[in-house]
Every structure is written in structure tokens, then in C-alpha cells.
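Read through the structures below before going on.
Common to both upcoming complexes is chain A, partnered first by chain B, then by chain C.
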Partner chain A sequence: MSARALTFRAAALILLVAFITAPQLFAFVFKPLTVNDAPAIYNHGSLLALTLSHLRTVFLATLASTVLAVGLGIFVTRPSGSEFLPLSRSLVNIGQTFPPVAVLAIAVPLVGFGEKPTFIALFLYGLLPIFENTLAGLSEVPPQALEAAKGMGMNARQRLLQVELPLALPVILAGIRLSVIIGLGTATIGSTVAAKGLGEVIIAGLQSNNVAFVLQGGLVVALLAVLIHDGMGIAERAVAKRLGRPVDEVA
Partner chain B sequence: MSSLRPHLSLDRLGSVIAVLIGVALFASPFVVYRANRIVAGEGRMLTAALPPAGALGIILTGIGVALCAALLRNPLPRLAAAILGLATVVPIVGWSATFVTPLGNTFARVSPGLGFWLLALAFALLAADALTRLRLGPWVRLAAIAVAAGAIALLLLSGAWNDLSLLKEYANRADSFWQEARQHVWLAFGSMAASCLVGLPLGILAYRVRRLRAAILQILNIVQTVPSIALFGILIAPLGYLATHVPLAAALGIRGIGAAPAFIALFLYSLLPVVANTITGLNQVPAAVTDAARGMGLSPRQRLWQVELPLALPVILAGIRIALVQNIGLATVAALIGGGGFGTFVFQGIGQTAIDLVLLGTLPTVALSFATAIVFDAIIDLTRRGPT
Partner chain C sequence: MIEIEHLTKRYGETIVVDDVSLRVEEGTIAVVVGTSGAGKSTLLRMINRLVEPSSGRVLIDGRDTLSIPEDELRHRIGYVIQAYGLFPHRTVSQNIATVPRLLGWDRKKIAARVDELLDLFQLDPGEFAGKFPHELSGGQQQRVGVARALAAKPAVLLMDEPFGALDPVIRSKAQDDLLAIQRRLGATIVLVTHDMNEAFHLGDRIAVMDQARLLQYAAPAELLTHPAEPFVEQLTGTAERPFRLLSLTRVKEALEPGDAEGEALVLSTTLHDALARLIALGKDALPVIDASGKAVGRITVERILAHGRLPA
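So, the complex of A and B:
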């Protein structure tokens, strides 16, 4: 990573942290956007608390989807689960035509308002990319590597834990990253169903016709997503490098 | 293959489907009855939801399909069983709505219950598995989606579902439904067309000029990472400024809130798949082919139009398919900023906790993106095999 790219990221991170912890310092930027002396900075709650609860929802939901999706991915690539493999692949394709908002919207009448429908939507939708990439990663393991592992006397469990999963890890991580990014967006929309999160700022701005709120909410969510996406990408490349595999640059 | 196995062995996937059908038939309400559209509903089991003949018909069909799924391995009869199941259960749920609604009561609402959804899911899973195993050609898939669309249209036009709450919500909003439908299609497909007009030349440029490639892709990647509602929000401020300070912009209908920011955001989102796939597609053209074209005396322009682009077409179309499906889904969020589309019903429905109104927005969106994905996949297959 070049020095310039590093300073750029560091600057973006510092800006984000500064804005979330002390938004009043930036009031002068947003003041020109307001009319009728409306507040320039979101004043119904602390941005820090909203950010933390936003991140907590995304983290917990992604953790749950990762456990289930990787487990399912392992199951359908074993001989005992092979009858589910063709259907799994089509389901992944079909599932992706389902908009994340739809999952959220259907969950509301079933479980009520608040964190619950958001968590369910994030969890369900987050399964897809992770499951797809677990399938792809596990089926891309070179047969020679498996043969070699078998030749060394490893049993199925050892092959899975010591050969297949490590080799598939970068691809699985890419799936988790995609899930997290989709989750950040869906959690933002979750504010329409009263989940605590950064979407609240945008929604409040839309309802009170305060462009300053809309813009600051949008910028914080955008910066957060870009930085997390970037950070996870760096972690993926580090893992891939340790495995000595060629690295796919962002394409 | 099946002849090598003992004739009556259990299929694992089929067994799961059979269990689903069992739970749906005997342990879940077939429909949900509400005294009016927003109160909590009470489930009605199959026997209470239909006259005896109807309930028996569904139970027998369900058991028959479950047996087929668990015992037969040949995909063709499994597909036939799944289609028979769907063709029985889907119209009958409308009959059930008529049966459950007290005569002359216009406030009562009947919606499909867990049992109906589980049955539909089980049959659809069985059909999807059989279709995957049959590996149908692109023309057959196109014909199948046309038949499915025709069957759904016939069902809706026949009035068999008119007593279901979903169609009552529709009947109250028939005009605005089609208006929002047009708006949704315009947002999703219009922004896609704009993105092709810009994205294809941009992709070709990025393919030719290596130094630009990384920069363009990186910027588009960042755009793609920004959550939809955040991007809408970021666009609202400058567009609002434009509308108040440039009379022409306001005359063109550009306002801070409304369809304009949604259209622009969808356009920006769809650029990445188009540009990235144009570059990948052009990259995949074998060097030997371009060399031969050069040897034949084709100019760079002729090479691009007659050799490189046609060969890259399937990959480019795959990019357009990804972008379109993504756009159709994201266009639902546009309703939050006053951009219209099916999302209008979704967010109204959330506000009123009226699940049928949510479904009125969700089901067409899902159907549209599903059909788009199938049609595009078939076209991509056709261009792959097409004359080269």
C-alpha cells in the first residue's frame, strides 16, 4: 500500500471519528443547508450511540449468518449432503433476486417493530453471499491438494479443517465482506421500522425537510461503509498472502 | 443411474420436502382470518378453511406430491408432481378466502397462512430442484417463464383470488398500482439504459487505456459500497440546490426530493457491473482472434465492432443482468425519498403493519426481478452459443 493511500484512509477515519464524537464542531458546514433556523446537527440522540448500535446489529447478524452459512456450505459439499447441492446453487441464484428491503418489510408484520425485524432481515439476506462463496471456495480447492492430504493419512475431518477451509478462507471472507456491506445498508433502512441506527438521522431529515440531517446521515453511513469495506479487503489480502495464493485485486 | 439403486430408497432432499408438506398440511393454519384489515389474525386449519371436498383434495394432493418427492428420483415426474401441487393449492386458497369470509361482510380479510406458504415453498423447491437437474436449454426456459406468467395472469383475471386480502388491497389502489409500476420500471430500466450509454464507452476506454482502468474501477467500487439510502441522501443536497438556483433544472422536474436523486443513484450503482464486465469481456477475447482480424486488414474500429464486442457480449450482458436485478430491488427504497415505485406500498404497509399491503409492493418486485434474471440468463446462453 502506498503512503498516499494510507494517509488518505487515515484522514477519512479521523474525520469520521471526529464527526461522530463531536458533531457540533462541524455545524458551520451544514448550517447553510438549513432553513428557518432549524438545527444543523442531529439533536435527537448522540451520533456515537447510533453508530455503535448500528454496528452492533450488523456485527451480530453477520456473525449468525456466517456460522449458519458456512455450516450449510460445508454440509452440501460433503458426500452426505450432495443431494442438496444442485438445489442449493439455484436457491442462491433465486435468493439474490429478492430485494433486502422486501425481507425487512415482510418481517415487520410478523415480529413487530424495532431491532427484531432488522436483525432477521440482515441475518437472512446475509446468508446468501456467505453461502455462495463458501460453496465456491470449497469447490475450488484443487483435487491434487485433497489427494495429497489423503495420501498423508488425514481423515475427512482433518482434511476439512487443515486443508479445505484454510484454502477457501479468502473467498469465504469476501462473502462475509459483501454481507456486511449489504447489512450496513439494510440496517440503515431498518430505521424506518424503529431500529436504532444511523438511518434515523436521514429519516428524521426527510420527515422534517432538513437537508442538513439527510446529508450528514448519508455521509456518515457512506464513510462507515467504505472504510469497513476497505478494511476487510485489506484483511482478506493479508490472509491470501499468508496462504501464498495469488491475490485478486479489486475488480 | 436410478436403475442401479434399490427401487424404493429415500431421497434426502425429497424427504425434507415431504416433512415440510406434512407440517404444512397438519400443523399450520392454511389461511389467516382478520375481522378487519389491521387487527391481529386468527389461523384457520385446513379443515376449517375449506369445505370437506376442498380440504380432502389438498390433503390428497399434498400426500401424493410428498410420496413422489421422497420415493422417485427421476426429475420429470417430480417436476410434474410439483406443478400439479402448485396448480391445485394456488387457486384453492382463493376459494378458501370466499369460504371463510362471512357472507356480505366487507371488512373481513383473509390472507394465505403459514400452511399455504409452506406448501407453496415445498412445491417450488421440488420444481426448482427438478428444473436444475433437467438442465433445460434457453428456449425451453423462456417458454416456461412465459407459461408461468400466463398462468399467473389467468389466475388473477379469472377472479379466483378476488376474496383474498392481497387483491382487496389492490382493488382499493388499482390506479396508483399501475402508476407506481410504471414508475418502478422506469426507475430500474431507465437508469440501466442510461448506465449502458455511459458505461459501455467508459468500459472500452478503460480497456484501452490501462492507466485509467484502476482509477475508474476504484471509484465505481466506492460508489457501489455506499448504502442506497445514504447515496440518495447525499444526492438530495446538491439536487435541491440545483432546483432552487437553476430555473432550467426545476423546469425539467429536478427536485431535491423525488425521483431525480433515485434515478441518478441507480444509474451510478449500475455503472460498476457494466464497466467491469465490459473490461473483463474484452480482456477475454483471445489474442489469436484479434491478430487474425488485424491480419485480415480490419481497422481498429472494425475490429472493435465486428470481433471484440460480439465476443465480449455474453460477459457484458451478464454485467447488465446483475445491475438490472440490483436496480429493481433498490428502486423499492426510492419510495422513502418520494421517488415512487412499488416501494410506496411497502413503506405504507410497514407504517400500517398491513402485511398484505407490504406484499402488494413486494411480490411484483420479486416477480419482476425473477423474470428479468431468467430472461437475461437465457439470452446470455443464446449469445454464447450463437453464430460466431
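So, the complex of A and C:
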């Protein structure tokens, strides 16, 4: 990443932190967007608290998706689990095809309003990228390296932990990053079922016809997504570099 | 010592290795040659049980390999494959340390062993220890592959086309290096190749395989003078055979008393090279000296040609 790009990201980060901790400082920017003297800055709750709760939901849902998808990906690439590959593919695909809104609609009667239905929707939605990337990463492990590992007397577990997973890690991380980014955006609809999150700001804006609110919610989510995307990208490259791969090989 | 007894591998109806028996003496190199699909690699992979035999057995130093747990067996057998299979995410020294680490050697002992091997394979530890495989040339990767296989001082080394990915110039250097290291360590090696020159260059004994069967297992010279089947003769190169035979024989064996004019040859020169010199210089005879430079006799074209003669 060039120095200019870095400066740009640093500026975005400072702006984001400043805005969610002291939004009133920016009231002058949003004032022209309001009508009838409506408040320029969201005033039903702290932006900081909403952001943290938003991030928490996404983090926990992605963590759960990662555990299941990576575990499943490992299982179906073992000889004993290969029969389940088509089945797990379909299941994971259904999770992705099912619109999160529909998941919310089904989940609310089952688990009630709040964070839980949002968590379920994000969890299901996040499975596919991680699962597919785990499969791709594991299948890209050079067969000669595996043959050599076996020939030197590594058992199945040692091959998985010492050869397959380290080599697949950058690709798996890319899948996790994708799920996080999808989750950050998708989590906003969770506010329709009373999950604490940045969607609340957007929905409040839509209900009271306040463009300033809509914009605030949207901007914070967008900045979060861009910064987290870049941050995880940097982490992936660092991992790939430590694994001895030329940096440009990892997209 | 490796004893292979009536080893057979079937996949359904197909027989890949058909009742092969052979014995590789301690500290020698056995080369398995044959066309692709002859069952060479399967035979090799049955020795370290990467392929389980359908019947027959393999004894290493008298012990049935089936009586040793798979992974433990493989810790004791070095294994080198054509593309080397170096771990791309591990440095040269981590790659070499693979088996010692699996065996739980302590850190100091591993480090010392890695340095020792890097030295043996002419890779400067300071320069190469921390490099990743993709930063090495083909020849360096090959050396790391062999060094890794030798790391835990295995009794036996299995090599499947270990020089197949190298260009001809580096290949012959790598073969010479392997020979030197093998003589030094006294390792027992089984090497699979489809390159006849390589087989004659490296093998103390050569096993010729075709269509799953072992056609002949003999010393190189015997393969040339007494081929067991037309296929063996064909594989060794019908027209090439006298020249191959001369390559296997040294001046020492064709020495005759007397003197000759010209630049002297050393006792250890092959007859093939001696003949080449005689042809090039347009001479019928050249003097011969021993390693210390003392004149010991002469070598003549006539005697050389007699050594290349094949029995009718």
C-alpha cells in the first residue's frame, strides 16, 4: 500500500472515530439536509454504543460462521467426510440464497426480537464465502507437498495442522473478510427487529424523513466496511508473507 | 538391507506389480528402470507402505515392514519425489528439520544436524537456512529435498525420479553429488528412473521392469552382456551396448605391460573415455599412470575394443 493510500486510510479512521465519539461537532455539515428544524445528529442513542453493538453482532456471527464453515470444510475434504461434500455445499448455498430479511421473518417468532434473529441471519449468510474459500484453500495445497508429508511419516493430523491449514490460511482469511464485509452491511436490517445497531439510525431517518440521519448511519457503516476490509487485507498479506509466499500472489 | 519377497499389487483386475522379488544389499544403490506405467513407482511406494501390498512382504534389515507402524516406518525411510514436495510455507532449515521435529529431537540437536546437512550439500547455512523454497533454483531445491530425506539418518533412502526436473548439465552434477554422499554415508538407496544413462551411472544393480513384471535384476555389466529378454536389450539400447559396457570398465582392467608415446591416462579413467582420447589423438596406444603419477603400463585400442565385445 502506498504512502498516499495509507494517509487516506488514516484520515478516514480519525474522521470515523471523531464522528462516532463526538457527533455534535459535525452538526453543521448535516444541518442543511434537515427540514423543519429537525435534529441534525441522531439523538435517540449514542452513536458510539450503536457502532460497538453493531460490530459485536457482526463479530460474533462471523466467528460462529468461521468455526462451522472451516470445520465443515476440513471435514468434507477428509477421506471419511468426502461423501458429505455435495450435501454441505447445498446446505451452505441455501444459507446464502435465503434473503436475510426472510431469515429475520422466520427467526423472530422463534427466538423473539433483538440481536438473536440478526445473529442467525448473519451467521447463515456468512457461511458460504468461508466454506468455499476453505475448500479452495485446502484443494490448492500442492499435492507433492502432501505426498512428501505422508512419505516422511506425518500422520493425518500433523498433515492438516502443519501443512494444509497453514498453506490454506490466506485463502480462508480472504473468505472471512468477505463474510465480515457482507455482515457489516447486512446487520443494518437487524434494526427492523430491534437489534441494537447502526441500522437504527438509518431507519429512524427514513421514518421521520430525515436525510441527515440516513446519511449518518450509512456513512458510518460504509467507513467501517472500507477500513475493516483494508485492515484484514493487510493482515492477510502479512500472513502470506510469513508463509513464504510472494506478496502479490494474494489478491 | 532391503528384501522384497513376492511383492504384488492389484487394483481390481489390474496387476500393477506382479510377484517382484529382489534384495538390495547394505550400502548399495539399486536402480529400478522401465517404461512409464511399468510399476516402478508402485514398487517403491510399497517399501514405505504409501501403497499397501496385495501380497508379498518387504523386510528392512530383517524386519517385516508390516510389523512397524506406518508413520514410524516412514520416519526411518528417507523419501524423495520428483518435484521434491518442499513445504512452500517453511524455510529451508525448517524443511530439512521436518522428520527430526516429528521425532522430537531437541532444538540444539536439530540445528546442528541442519547445519551439517547444508554443509554436506554445499548450501551455505548463512545464506540458505532462512530462504523459502520459491527463492531457490531447481538444483538447490533438489539438494534440499535430498537433505530433508536424510535428516534423521534413515537406514534406507527411496528416490522417485529425483533428478527428473533438472536440466541435463545440473542433472549430471547432482548425480555425481549423490554418489559422493552415498559413498560417504554408506546409505542404502532404491532409485526409480526411466533414464537408462542415469541407471548405468548410479546403479550398483539395476532392476528392469516392464508391464508390472521384474524382467531382470543384475549388475549393469551383466545387463549388457547377458540381457535376460529382448526387452532388456532394447531398453539398454541395442546399438549403445558396447559403449555402455566401455563406460562401466576402467583402464585398470585392460592394462597391458609396455610403454607408449603421448599424454598419460590415469588408471581410473573409463575405457569409454580412454577410447575417445585415442580416437581424438589418432593413436593406437597411450601410457597409463597410477594416482601417484607412476607409469604402470599402457592401454591400446585393440584391448579396449576387446572389452566392448558382447558375447554372441
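Rule of thumb we're sticking to: the second predicted complex is superposed on the first by the 234 of 251 C-alpha atoms of A that agree within 3 Å, B and C clash if a C-alpha of one lies under 4 Å from a C-alpha of the other, contacts with A are read in each partner's own complex, and residues count from 1 in each chain.
The working rule: a residue touches a chain if its C-beta (ideal position, glycine included) is under 8 Å from a C-beta of that chain, and two chains touch if they have at least 3 such contacts.
Being a predicted model, the structure only gives us computed values, none of them experimental.
Upon superposition of the two complexes on chain A, no clash is found between chain B and chain C, which fit side by side.
Residue contacts after overlaying the shared chain place A:Val214 against chain B, while chain C stays out of touching range.
Measured by the number of chain A residues touched, the leading partner among chain B and chain C is B.
In the superposed model, A:Gly151 lies in contact with chain C only, and not with chain B. Once the two complexes are laid over each other on the shared chain, residue contacts for A:Arg89 go to chain B alone; chain C is not touched.
After overlaying the two complexes on the shared chain, residue contacts for A:Leu184 are found with chain B alone; chain C is out of touch. Once the two complexes are laid over each other on the shared chain, residue contacts for A:Ala3 go to neither chain B nor chain C. For the pair chain B and chain C, the model built by superposing on chain A gives 9 Å as the shortest CA-CA distance. For chain A in complex with chain B, the touching residues are 33, 81, 83-84, 86-87, 89-91, 93-94, 96-102, 105-106, 108-110, 113, 181, 184-186, 188-189, 192-193, 199, 202-203, 205-206, 211, 214-215, 217-219, 221-222, 225-226, 229, 250-251.
Partner chain C is touched in their complex by these residues of chain A: 142, 144-155, 158, 163, 166-167, 243-246. Against chain A, the residues of chain B that register as touching in their complex are 11-13, 125, 128-129, 131-133, 217-218, 221-222, 225-234, 236-237, 240, 256-257, 276, 280, 325, 328-330, 332-333, 336-337, 343, 346-347, 349-350, 353-355, 358-359, 361-362, 365-366, 369-370, 372-373. Put simply, chain C touches chain A in their complex at residues 48, 50, 70-75, 79, 81-91, 98-99, 102, 132-134, 145, 148-149, 158.
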